[in-house]
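Some structures to go through are shown next.
Both of the next two complexes hold chain A, though its partner changes from chain B to chain C.
Right, the complex of A and B next:
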């Protein structure tokens, strides 16, 4: 019985690979876009403009306060009503990028705020332009604080990409859902799906932990 | 554009959203209580010297953290009947949420306990306290103080995660939005109302987290809610 099911599962490995490819493509593309957008928003948020800060803050709160599933439904079903035609893949990318950008914006802003003001003043005194100050003084130091949570955020992003299966994209989770209709062994099928995600996410989790340990070790030195 | 946005339909469906709101609220509370139990057990196992207890807890926590909740939910939903356990969707959903959040809560509690300085433990030992006395009278009262704000953060995550239960047709908030969207072909009305309901829960829990942090004199929760 189990042997028969395993054989049947072996038959659907091209589908599984396509699903894994879809999951990696979705999270990879929105990871890059979300990081760029998130950094831009984070820098804007700490630029000193109260108005920009509160507008971005409100948007981040709205996104953090609602389930990702609801956001996907909103984008997928409402943008067409507003006259924007889009397929499920684009909708998924938009939703994931927006989500990632909001979380990364907060991480980057917290990193920038952690840089002592003396550093900025020293840069000002040295006659660096605003752009130079950001790029050569503030961001490199902010990155040290931001990097571990940033990597942790990427893990969350990959996991959240499973939710886009709800609008019919054949990612890894959707493949599991399709296969389980044919091979009625949910434990086996979703254990394999889980292994697929684990292989992608676990190295990132380990990396985040290592970065965090290195960070706290570095901080220990400063405090002592 | 959305010029024919129908508030009248929303008002018509308000009782359904009320029920969905109540369902999301109480199923989140039940799941969170379960998650606390799972988290405490996992954390207790993880802090033991014995590898035999530590290893299963570590493996469980890593396995949960490296896989999406939706896959875990389907694992239980399609897998449990296979083992001869047939449960209603609602129970499967609560089980999945509790087992998932439990792994995160275990780490939150562990971080809280490890944040208590070594000197406290040593002072306890020097005063001749047993392990359980030290834990109960010295470490836990201090650890609970630092864990409450992140626990509320995890509660926010859990409430949002509970939206996934609509995918195994549990009647809750997101399901109410889906019903309005499909019955009347009004996705904007349905999902915007759903989102507004979640925002009420989010802002409630968030202000509770901020208040508790101020009250307990600890730093408010970070960016990972």
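Right, the complex of A and C next:
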């Protein structure tokens, strides 16, 4: 019986690979976009404009305070009502990028706030422009604080990407649902799905741990 | 070079600078002293715009602070500022600390900036520490790097905010020696310090502040041997007792 099921599963491996590819593509693109956007938001949030800070803060709280599934449904089902047609992949990318940006914004802003004011004053006193102060003095030191939780956040976001299967994207989780209809052994199928996620996430978990250890050795800056 | 005319500043309800009128001539060395909380740090932090003034005029190198025409970032490149806590960039080596602003602000070629950076570090006695990170240097060494970092910008004015207060006693003189050298080269300097030996040696004038106001100014000889006010006498008896 189990032998038959395994054989049947073997037949599903192209589908599984497609699902894994979809999960990687979706998370990869969203993490890159979300990181860029999250950094920009984090820098803006600490730029000293109270208005920008509270607008970004409100948005971040809104996104962090609502289930990701609900956000995806809003983007995929509600936006078309307003005349914005999106395919499932684009909707998934938008939702996941937005979620990533919000979490990363908070991590980056916390890192920037952890840099002592004396550092900014020294940079200011030597005539560095706002961008140069950020780029040369503040961000390298903020990254020391931010990098380990940032990588940890990537792991959470990759796992959160499984929620997009709800709008019909054939990612790793959805492949699990499809296969289990043919091979009625949920434990086996979803164990394999779980292993798929773990294979992607584990290197990142190791990286985060390594970065955390390196923090104490580095001179205020994490060297990869 | 620096001119305060009727400058006032408040932190909330606290009147931290009271009607300050004071001028510093080119190549002059002025020492500012006074009890803690008297507003001396605030006074010199106003000169490069780390603090803003509420009313009155503050003219630095011919430019009035707060004017629309005054580019604060540009003016700051002409003013070196040495902090009590050094504030070196911990993620950069000594040489990177002193070349950062010359390269990015003055737009000097890296090779040239590094050559003069090495020269300047050697001049403050750190010719063997180019590649050391601040965490690998003693307090006195860090403060000397901080002074070299300012000098590398070839400033017209140098401001020192209690440069030796955070140092162990045995490191104070190595920093003061460097400052004496800078003064002897004709730099315009304003120094907040309680190092009266330094004041006697290089200052043309001592400014005594208390409770946000300039109470007394005079040459070091006048001030130390014959303080004019009760408050300066009380202050001097406290710091010179030991």
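One rule holds in what follows: the second predicted complex is superposed on the first by the 215 of 224 C-alpha atoms of A that agree within 3 Å, B and C clash if a C-alpha of one lies under 4 Å from a C-alpha of the other, contacts with A are read in each partner's own complex, and residues count from 1 in each chain.
Here is the rule we go by: a residue touches a chain if its C-beta (ideal position, glycine included) is under 8 Å from a C-beta of that chain, and two chains touch if they have at least 3 such contacts.
All figures in this text were calculated on a predicted structure; none of them were measured in a lab.
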Touched partner set for A:118, first chain B, second chain C, both or neither: second
Contacts of A:159 with chain B and chain C, given as first, second, both or neither: first
Residue contacts on chain A - larger count, chain B or chain C: B
Touching partner for A:201 - first (chain B), second (chain C), both, neither: first
Touching partner for A:46 - first (chain B), second (chain C), both, neither: neither
Contacts of A:129 with chain B and chain C, given as first, second, both or neither: second
Which superposed partner A:97 touches (first chain B, second chain C, both, neither): neither
Contact footprint of chain C on chain A as seen in their complex: 116, 118-119, 121-129, 132, 136-137, 140-141, 144, 218-221
Complex contacts: residues of chain A adjacent to chain B: 61-62, 64-71, 73-74, 77-78, 81-83, 103, 106-107, 110, 149, 152-153, 155, 158-163, 165-166, 172-173, 176-177, 180, 184-187, 189-191, 193-194, 197-198, 201-202, 205
Contact set on chain C toward chain A in their complex: 48-50, 73-74, 76-77, 79-81, 83, 85, 87-91, 100-101, 104-105, 133-135, 149-150, 153
Touching residues (chain side chain B, partner chain A) in the complex: 1-2, 62-63, 65-72, 74-75, 77-83, 156, 160-164, 166-167, 174, 177-178, 181, 187-188, 191-192, 194-195, 198-199, 202-203, 206, 222-225
